[in-house]
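What follows is a set of structures to go through.
Each of the next two complexes has chain A plus one other chain: chain B in the first, chain C in the second.
What follows is the complex of A and B.
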């Protein structure tokens, strides 16, 4: 008698199909061995938006009574396996649902496994993951985040490799043979099966000890009880605005205090203030009102609000003034402007270092349906680090 | 009864921007800020930001159902600084008239301090091009109420995952019109010419314009002119949508520019019976600049990726017709015919 539960944390729209394929196939593989299962999305994540973290859940049970008992609870409080298909979400996720910032391991059972697709090593990721009181295992599936579009799926084998790793983490789900059969029926052919097998064999997990990880306390807020809500569901607007930080002058808009959106970004703008001509274009073109105006007329991207679209980089007329850099290489959300004001030379070093480590050169490909008609694959990727694991080398 | 005899409050006369780098001096304040649940690179959110920035603090904003309702008010949180209220999908126009009428009545009865308060009612293309047309039409006929209706058009029902709307362009892939192997073009209707419809059909409406968030100074000025003009006003904006148009959000601004540079979406404003093209569109109309091929715009979007040479040619041909045959490009799709008396001879 046992129930296995899992969750898949993914980027809305971009990884919708990927997450669905992983979740469905895992359940269907277990069903092949007479088990019962269900895979479902979190209601509050819909309608999905590009990049906003979303979640799928799944249960696999020995019989239908057990399944009904756990599925009635809807959203699992604890899961055996957490799967995160983009490593930038290790910093925590702020979904549509009303949670504040949830650590990526928020519902991973003590001793459970967190599987992350990443080009980084365990230590690089653990420093981002919020520390907790119980241990968990961290397994990395090598490779960049696989991003696609609303209608088209980037069939690069990420699904098969994650499935192999998930089976390794929780071997009691089903046999490898059943998983292979489910992959063949729901995902693809020999190349995918080989990738799943290789991933099953290669995946190693490291134990993360209690207290290890990011010491930041995730941002939370008090939920209103229904008796505290006002007539007509009226809420207060965003209040006021301030000078820039504690300085004289400048302008910093008031901001939504219960949804910040920064966990949506996979990359962030870094600004070379020495090159800035104060043309105002980044400030006015930002859909998220990210740029605070400094007293001397510069524009400082507020890292609590930026969702990483890259429009500021696209619009900046000065070359190498604003560059988008992979979010994983940062450990803070502080002000770049203040850093530059304090020590311009040190800031230049910081800038060079971060760009070298993670400057995002490639853009998310236009997916369209051209590939589906021509049979050509979709290459490129949202992240700079698109180096693929050896097991996916042969994917077309 | 003429409009002049009625109780009048007047409108806010706000200074115009002229050029983009004047905005921080003239309108640094934000009335729609961060923390909305829109997609990365959402140009409709930018429209909201620029619209609120243009209107200023003494403004009431009403929003019909759509992305800009759902994404901005989910779970007891909001990025709005100014008062905002939701209205139903088809009732953008009636909400505008009703709010403007209520404010006027309260001021007339002395229950509220008399001052011009901006009333802006926005709708998406679902609300402004499909469902809400009747309501907006009625609102634009009531010349005694001062308000502005903005239709932010991302060319589909984007909130519910990209279903076709009356504003979706010919041939686009949407959830309702996926191209197949047998039938490549599943959406065979042309985009509705909505701003012109409201401009031409409502002779008491003194301000109608088209705008684009890629030209922020132009847009802010149009919003301010619309609010300053007595009576109802209407603005139609074209907003690139990374989710539904299928492109990297990095290109949001660029696509907005391309829509204008290719001549697909001319920018114009009709003020008190006179139509003027603005910005790049003016140069295209008066021959100081050439249109870029529409293909550049189409190829940058996944929703047109099933297009063949034939489709690109057809699309370009339709845009050429709009520029060469229409009596006003992007506005009046027909010309005055010959005198029938002459024809008889």
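What follows is the complex of A and C.
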């Protein structure tokens, strides 16, 4: 029995078409060689909202009986290849389906491969990925998170390059010739095929050893029995009018301890408290009530709750006070305010460093999604570091 | 690469159940389509509109203002002689309940996709069959495909049977949300020529609403008339059975697929017990059966392809061969005779009065889109095997895969 399984972890909703193209093409390439395949999404993810981590899965089997045997188990418990098309999700994913935080390698087989599209290096990503007891391989496809779009598919070649890397990771899926044919039929012409080939040749993977990586224990929760749940679909409020952290005074709203949503975030606000005029606009405008009020009247963006939409930055009237910075450059979710209070000078250094490494430039005001279309910051695919990288226009 | 192996992929497409339905709509050359989004039905809207915008298919495509309007528009188009397609899911389907009832009452052969979805609140979109089942008493034909490939057969049969003048009843194609509407599987589509051979043009005959054929449809009719109208509908629903049987023969002749019009029997020849259910349940059940057979457990599956017309005779003949039957409902019927599901009640009713009756036990599982896992199926099958062994009746309905 030989069955190959894979998953594609992507951000809803603007990476949905990208993920679908990758999944379909991989299965169809194998079908060309007489294999059987199925491609399906985690349905609970499907009311996709902007930025929500979502998953697609695929099985490839030698015959239909083998395929049914695995498909009857639905969501794979283990996959040969995990593909992550936005490196910020290396911090873990919390799906709309509310399963707690899943490490990005939650279902990657021991010895399996995690492919990530990223402009960062292996070590930069491994420190975000939750450590585990078994080894896995990490392969990076150069480029940021492709915002290939949903209705309009801005094809930047990410699909083809990921496919090349996937075949490298699991050569038994099909021959390169079959993959090329499937790419031609489902994605695009020579530029894509060339990109897939280059990616197949260039992609290297590093082994990540057991115990290596992020030491944080991902948050989980216990689903209740039907006898324990309140009737009438009533849910208790989280309540709470709390002081700020352990201090006297201030205000911290009650928050759901097990549904945090921060894995939706691709960028986070950093606040220059020295410049803050306490105008309250960020606090009022934030759609997720992310800002905790400190006893001395500052507003501290709580990184357990922030989805990274960028509304605060857009509405802040003081220049360079709130800045959105790529999530990958952070390794913690601690309080910026407390860091600043402890050592204002050190905090200034932190601020400068983070902005330098990952400031998200040129966004349209208000919507986080705008970053996707402005060709800056998160905009991937286009900023390929690979020697054989192609510009977007080559894929037209 | 071997040529033969490559050939295996020729003509095979990777399609979701919704996508296959859109292809059936295209191949059936439907005239008028209305749409109003609700998932999981809405996927078919996207595929149909893509065909139209790509110039691969010509039809009037009308996005409506609500499900009520959506079903009203096609209902009227259908009266005017148009072959129609529409659909909905869950509470969207229920919002159209008035036109749904009237369409059957007026004997209009509308074909609709029900992307089966839980009736929320609480907000939910996983599959449950209660939405489709809510039209079961109204004259609607209801079919439950189990896989993308079967949508070809049941979709085409839906048009053929619904539009048969002996029937003229609407047909709901009830697809399990996600498991069928959203999963991409390899499918072979028939050719346009084959479909043309199978599906004659929709001819409303002298019931056509047209200026050249002055008629009135649905005037006020109270106690003096309505019982006779209902009796006509009942006869039409009865005739659907025979029409479907004949149409299925034709289907096999032209497409060379499918074996039994009403039932999908799997490993039943020597089975002691069977599980009985609808839709995509067949996947985990068939796989579990294969595994249980290795342990010497003689379990089979009897799946109903059609819920309306209900295959009473076939089911009586089939199920009376077994010692015990487990009826698996992906729906609920709260407060009903054994507090189980709709299928259980209907199967029990169908079997009542037989000289040789199997023991029947009901299960409720897979609600709200919860996966029916192999271990769930094996547990149900073991329960039924135990009943077969003891011969004792067990009217307790068991909930499978519920926490607690």
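Throughout what follows, the second predicted complex is superposed on the first by the 358 of 396 C-alpha atoms of A that agree within 3 Å, B and C clash if a C-alpha of one lies under 4 Å from a C-alpha of the other, contacts with A are read in each partner's own complex, and residues count from 1 in each chain.
Here, a contact is a pair of C-beta atoms (placed from the backbone, for glycine too) under 8 Å apart; a residue touches a chain by one contact, two chains touch by 3 or more.
Treat the numbers as computed from the prediction; the structure is a model and nothing was measured.
Visitor: Record, for the superposition on chain A, whether partners chain B and chain C clash or fit.
Guide: Fit.
Visitor: Which partner does A:27 reach: the first (chain B), the second (chain C), both, or neither?
Guide: The second partner, chain C, only.
Visitor: State whether A:13 touches chain B only (first), chain C only (second), both chains, or neither.
Guide: first
Visitor: With the two complexes overlaid on chain A, check the angle at chain A between chain B and chain C, Cα centres, nearest 10°.
Guide: Between the chain B and chain C centres, as viewed from chain A, the angle is 70 degrees.
Visitor: Considering only the touch criterion stated at the top, classify A:175 as touching first (chain B), second (chain C), both, or neither.
Guide: second
Visitor: Just to be sure I read the superposition right, which of the two partners does A:258 touch: chain B = first, chain C = second, or both, or neither?
Guide: After superposition on chain A, A:258 lies in contact with chain B alone.
Visitor: Spot which of chain B and chain C makes contact with more residues of chain A, would you?
Guide: B
Visitor: Can A:205 be said to touch chain B (first), chain C (second), both, or neither?
Guide: Neither partner.
Visitor: Taking the superposition on A as described, I'd like to know which of chain B and chain C A:72 touches: first, second, both or neither.
Guide: Second partner only.
Visitor: Based on the superposed arrangement, let me know which partner A:224 touches: chain B (first), chain C (second), both, or neither?
Guide: both
Visitor: Would you check which partner chain A:41 touches, where first means chain B only, second means chain C only, and both and neither mean what they say?
Guide: second
Visitor: Closest pair of CA atoms, one in chain B and one in chain C, after superposing: how far apart in Å?
Guide: Checking C-alpha atoms only, chain B sits 5 Å from chain C at its nearest point.
Visitor: Chain A residues touched by both chain B and chain C?
Guide: 44, 47, 224, 233
Visitor: Where on chain A does chain B make contact in their complex?
Guide: Touching chain B from chain A are residues 13, 44, 47-52, 96-98, 149-152, 224, 229, 233, 235, 237-239, 241, 251, 253-261, 264-265, 279-281, 283-290, 293, 297, 302, 305, 307-311, 313-315, 324, 363-370, 373, 382.
Visitor: Hey, which residues of chain C end up touching chain A in the complex?
Guide: Its residues touching chain A are 1-2, 4-9, 12, 14, 39-40, 121-122, 125-126, 177-178, 182-186, 283-284, 286-288, 290, 369, 371, 373-374, 402-404.
Visitor: Of all residues in chain A, which touch chain C in the complex?
Guide: Result: residues 23-24, 27-28, 31-34, 36-41, 43-44, 46-47, 65, 68-69, 71-75, 175, 177-178, 223-228, 233 of chain A touch chain C.
Visitor: Which residues of chain B touch chain A once you look at their complex with the stated criterion?
Guide: That would be residues 20-21, 23-24, 28-30, 32-43, 45-46, 49-50, 70-71, 74-84, 159-162, 173, 175, 178-179, 181, 213-214, 216, 242-244, 246-254, 300-306 of chain B.
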